[in-house]
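Look at the two complexes coming up: chain A is in both, with chain B in one and chain C in the other.
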Partner chain A sequence: MKVKKLQLVLMAMLIAVPTLIFSQAKITGLQIIENVYNRETGNDSQGDLTMSLINSRGDQRVRKIKQFVKDFGDMEKSIMFFVSPADVRNTSFMNWSYDDAGKDDDQWIYLPALKKVKRISSDSKSDYFMGSDFTYDDLGDRHPTEDNHKLLREETIDGENCYVVESIPKDEDYMYSRTVVWIIKDKSIGLKKEFYDEDEELLKTLTNKKYEKIKGYWIILSSEMFNVQKDHTTKMELANVKLDTGIPANKFTERMMKRGLK
Partner chain B sequence: MENLLNKLLKYPWLVLVVFVILTVGFFKVMSSNSRMETDLDEYMPQNHPAFVYSNQAEEWFSIKDGIIIAIENQDGIYNSGTIQKVKDLTKALQKMKQINKDDVTSLYTADNIIGTEDGLDVKAFFKRTPKTAEKLEQLRTNVRNNEMIFGRLVSSDEKVTVIIAEIEDDVFSQEFYQQILELGNSFQGPEIIHVAGRPIVEGTMALLGPADMKRMVPIVILVIILVLLVVLRSFKSTFFTLLVVLFSTVWAFGLMAVLGIPIYAVSTMIPVMLIAIGVADGIHLYSHLHLFLIKNPDATKKEATMDMIQGMWKPVAMTSVTTAVGFISLLTSQVYPIKYFGLFTAFGVMMAMVFSLALIPAGLMVFGLPKWKKQEKNTDKNKSNFASTFSAKIVKYKYATIIITAVVIVLSITGIGKVWINSSFLEKFEKDSDIVLTDKFINENFGGTSTLNVILDSEEKGAFKNPDILEAIDRMQQVVDGTLQVVGNSFALTDYLKRMNKVMHADSQKYNVIPESKELVAQYLLLYEMSGDPENLWKVVDYDYKKANLTFQLKSDNSKAINSAIAVIEKHIPELEKLNIELKYAGSGYKGLVFTDLILKGQISSLLLSLIIVIILLSIMFKKFIAGLIGSVPIIITAIISFGVMGLLNIPLSTTTALLSSIAIGIGIDYAVHFLERYKIYATETGDKILTSQHTMQHSGRAIVFNAVVVIAGFLVLLFSVFPPNRALGALVSLNMFTSFLGTVTIMYLLLFVSNIYFNTRGLKNHSERKL
Partner chain C sequence: MRKLNFKIFWVVFALFVFINGAQAQTLNWSGYARNYTGMLLTENNEYAILQNTFNLNIEQSKDKVAYKVNPYIYQYPNQEMEIGLREAYMDIYFNAVDLRIGKQQIIWGKADGVFITDIVSPKDLSEFLLRDFDEIRMGVTSLKANYYLGDNTFEFVWAPNFVSTQMPDESSIWFPQLDFPTAPVFDYSQKEVGAKLENSEVFAKFSAITSAMDFEIMGGYAWDDDPTMHIAKNSTGLTVTPRHHRLGLAGGSFSSTLGGFVLRGEGAYYNGKYFNSEDPKLTDGTVKKNYIHYLVGLDYTLWDIRLSSQFIQQAILDYEKPIKNDEYENTMTVLASKDFLRETLRLELFSYIGLNNSDALIRPKVIYDLADGFELLLGANIFVGDAGRFGQYDGNDMVYAKVKYSF
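And now, the complex of A and B:
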């Protein structure tokens, strides 16, 4: 009798355990990443961005930027005006990025001392954003189809239940060999991300320090990228965020770049 | 002292066994614990202001020495094979664990800042190797149009391109050096791969110098053994004389190992000093013994040994103590390896004394007296006759002796004026060696293999965005580049700004100047940061634009070249001071220059200090100040002639050659003390000046000749060395031995003779009147 009971219990476990696992693993790595990529952040946004660059000796440079972003459906346009330091005030930068993965961003810069708008073109999207430790891709530009994603495990950090997803680029020449990201399950926000270089060594870690729900959207307000190999840090802080204010489409033109901040 | 030595004579076996056991112990410690110091920075006095500043600046701007790998293709580099090699070699270097990925610069990694119709483009020259003729031609055009690259990474005849891998000071090892050379070799053909740069030169030197020494030293010792056999005419004597040198060397290095002090490059001079100085004790002891036995052929070994101890322990102890004190004066040097060199050589000298006074008598007691061949009698007669005539001739032609000495000294002093310090590593190699030829090849095609960093420092934040300041720097660059043949080119923040200004104005040459406003400078820099690799900027300026690094590339690492560049740069200091900018220097080449200067100054001051100490010690030992002065004559003559010959023969002072003047002290004291002591003894014995002279010449003079001949013969072997600094070493040691010897038996003897010390005035007068 006893033996039979035990057998039953064992059988029940053998059936039940895999079922439990499968029921939880329904979501794939790709889906998780797509959820993050497609997370609604409003049609347009504006805010004051403070970018602090800190080198290995602890020297710090702070740049204040006023930025405007608008989603045009198949493309996203953004425009930024430097507020400080004084010698670059009103230098402006405009970026048009396209949903089409094959199409490179268009970028312009306006130098008030030269009174000219110039196009800047760069080789690849691995370029660093304004001398920071962030690349354009790191800032959320990278399309999910460019990598193979794999859900590694689930983990709780900072009291948040997270998926841990590993992404390996399909293009072997890409600057990262792989990235590992911790994504908060119910918010589809990345909490932490590790970037590994071509030699599989840890290159950078990204930590999102502050995120808030504004007008119903989850917005990251403070993040920090630490380049482990160069011992260099970039802090990005966003303040006075306004969403869906209906920024006019003609805000994103060369004319507006030249006009600058009042 | 004498009692103690005589007591030891009763237990010769015990003495031998104890010393052998202790030596074996030191040898074991030495062979298991010794550590060679290869990081040249460890040699520098770290708290010297010039080094402190340079080290700081090196950290601010990541100034590092670069390994230069040149890829040469006689048919031009613009073909897919050669370009592929540039890429592969760059990647291979980036993968090496000793090299940071970002520290490799080549055509593959370089940024090309170019102007387009409507803006600016910063991109790589190529990512995938261009395959078509059209794409290769495009690459050629891009390089030609970029003055930041053309002539710097690609030679102007387009046949050579370089890859520069910067490395930290402490990563260089023998293994790494081999890896780099093997890597270079594996890319050989049809292109020719050349490997150069300061780390490679340092590496080759660290490898070649000791390897050459390892090969030459056994031959030196062999020659010394042979000559010792000839002069001492006894295997036993030769054996024990060498044993003294060997044991003292083992003890010196053994003690270093026990105390955990690493072996520096200058430490390899310790055995050189100990060989030159250590054989003297043995020769003098055996020489005394020999003379005693000629006079007393029936003496027992105990009698002979006791006479030897009685007659010789004092001069042996005196010479050793004064020599050791002379070396200890090197402790005043600011350079640690030199302090250690002085300290451990002094220890070795003292040990050589202990072994000479304990081991040699013990050896005599255990193994019996040396057996000399019979027919020597005649030659000895001849020798004693020769000694007498020689001393008489010196006195007879005293004015000639004095005049010749004076002429030699005057000549030497003019030579000293020409002595120059050279911190060059490259000039230590043969003119036709691979390393020199490669360096020459790269210098012909590019800016230069050596660098001098000029650090500009301002109190004001953002100073280096100010066009006035930038223009002053640009002017300085153009003047220095333009006036000096040895300066290949220069690189600074100004080069970025001029390039950007030009590019942003449709590549117009008119705009290849510093932008006119501070705002434009700031905005260009922001633009560069946004589109290029901002890391590059931090090699020429700091975060706050308060400090800037200006790099001059020199075609020679020789001190004259660096000094000539510094002389032109210094002319710009007043202009920069008006703009509140301070100018200082940094980099390994500059540090080498300061370091050599420091060694030299330390060497000269310690030489003077030890001279004073020696005069005082000799005055005390011989109880007469005049004796101290006379005793210092061989040292002074040796030192003056040594430096004089270097000046006249254009041998520059370097760390090793400067140290050689210490030999002057060591040897000079030996000769002077032995000679003075004998002279004093015979003076009291005979009371006759002429007899005293003859006896002294026959006794001390003879030993001094033996000593000089042995060491000169040994060190002349080094003239066949393949490493030029070792050749200079051999020649200078031999020269110092020779002048010490000659100075002692001629001018010092003459001074002694005419000074009349050790003779009472009355008796002396009679003698002089009678004999002369």
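And now, the complex of A and C:
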């Protein structure tokens, strides 16, 4: 099982109201993307994530995860407990990420069969998360400065007024040649996103199906990534979301990785 | 005895289920059923193993307490059934202290597949090193106390009763080659270590995880898990008397990330370990020496292939030539693993390589998740060389299949 930077799974679902209001006339593509990236997400959060992988024949595999995230000021710690399938139950994963953009995350995995916490290296952000259609970058960790952003137009989708922003990576070797995202103007939530491969062909579409405001933060509760070329879909659903509950700092320790969800 | 044990097991199991029926909602059941079929690559196509396994984890936790019981059954069509409890313990959680009491597997160190500071739980080598690691580690009845201070942990273990390494039966294909000039007579009268307080084992460890590095420092006053073979020559030949000896050790391990690499190290100093010697002046063919065992390892990913390699050295200090072991024994391990088909198919190659004897154990595997929790595994164990720790099993090359359902 491949795991890394998993704290982003929950955080990617938490998209808050922008703290700055720009006038419509002056806002740039970069500012729109920064508003999404620099969202407020509270001091801590927890939730149950269900990820359904559905292939072209309709066969479905389900992964369930319980996750906790806490902001420690200059760093953020997250811990993730795998609930199902049965053969990965009680596996846990901990990530420490740093505000310092030059500092790599620290990551550990606890494998119950080995009864040992192992330090692992951060994997590529272009890797897919647990066999799903989401890469780690797709889950929200890609910094706005890594792409050139251009506001293409404004559109209304499902009654929501959206900015349409095209993002082209500065790194020519990146897995996407460009992405186009529809961002709800007054919520800074990405409502829809298209990913184009290196040959400029449409690769994937991401659609956010359900979002709610909880404790002042916009939370995306259901989203769907469809790989157009492989006819494969990943549905992500978040439930039992709790924000700012004061999760104790010792939740994010080797002790708790071994103890699991007891 | 096995049949009686089996009946007792099911009676206890049924009672347990009955007693817990009322609180079944909070009881956590998990485990697996598995078939394991292995065939030797010999002209006769003999089976190396035919085994059906049932492994059950029963766990329950409340606010400050928890327990776990892990019964297992190995059933064989051609030999006696084996049943037992891999673990059976209770946890008590305090603010900064956890206590675990009962039979438990205790795993220390940063090495993979090598036992240096990881000596608290003895090993079951009934099938050499081929079993999964949770099956090689034997639970040991002990009291474990952990004190936590941030990301630092102080751990203390008291094992009141010594348990030795489980060796293969003499009739097993995994029984190690004996290096004696003539067939000896074994005298097992001194093999057991008496069950009394002064024969306890104690271990202590300090460990920490930090952004820069994880590390452990440990020490122990133990028994050597492997018995020393005391040899006596008499008029009828050789008499070999296996006996365990006390062993003090101190060591540590670390793990750190360097870019995309994880660098690991582990080492221990063993004070007073016995070795067999051919020095004619010795009356029982053994000599006591201090000994160092260490490892360095590197984990990295290249072209989506997870790679890991380790170099291990065992060094006998103040070495004397008649000692049967080499002064330095060098071993390597290599692991390569890659996932396919959305992480449902995994190809893996793991190998131990003995550098002194140019021998090796090569273990290729293909693992396919037919459905969530349902795993098919095809693998081979290829022994290379004709001497040494791995080469001695050159005739035991085998292919095998495991079908496992986890619940």
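Rule of thumb we're sticking to: the second predicted complex is superposed on the first by the 229 of 262 C-alpha atoms of A that agree within 3 Å, B and C clash if a C-alpha of one lies under 4 Å from a C-alpha of the other, contacts with A are read in each partner's own complex, and residues count from 1 in each chain.
Convention: a residue touches a chain if its C-beta (ideal position, glycine included) is under 8 Å from a C-beta of that chain, and two chains touch if they have at least 3 such contacts.
Computed from a predicted structure; not experimentally measured.
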Partner chain in contact with A:115 - chain B first, chain C second, else both or neither: second
Touched partner set for A:74, first chain B, second chain C, both or neither: neither
Partner chain in contact with A:186 - chain B first, chain C second, else both or neither: neither
Which of chain B and chain C A:106 touches, first, second, both or neither: second
Which superposed partner A:93 touches (first chain B, second chain C, both, neither): first
First, second, both or neither for A:84, with chain B first and chain C second: second
Chain B versus chain C as contact partner of A:172, first or second or both or neither: neither
Touching partner for A:62 - first (chain B), second (chain C), both, neither: second
Chain B and chain C contact sites that coincide on chain A, given as residue numbers: 53, 61, 85, 87, 108, 113-114, 116, 118-123, 127-128, 130-131
Residues of chain C defined as touching chain A within the complex: 30, 32, 59, 61, 66, 91, 98, 105-107, 110, 132-134, 137, 146, 148, 150-151, 153, 207, 209, 211, 214, 255-257, 259-262, 299-301, 304, 339, 342-344, 369, 371-373, 375, 404, 406-407
In the complex with chain B, residue positions of chain A that touch it: 53, 55, 57, 59-61, 82, 85, 87-88, 91, 93, 108-109, 111-114, 116, 118-123, 127-131, 173, 197, 199, 229-230
Contact footprint of chain A on chain B as seen in their complex: 59-60, 95, 100-102, 116, 118-124, 127, 462, 465, 504, 515, 517-524, 526-527, 529-531, 533-535, 538, 542-544
Chain C contact footprint on chain A (complex, rising order): 1-2, 53, 61-62, 84-87, 89-90, 96, 98, 104, 106, 108, 113-123, 127-128, 130-132, 232, 250, 253-255, 259, 262
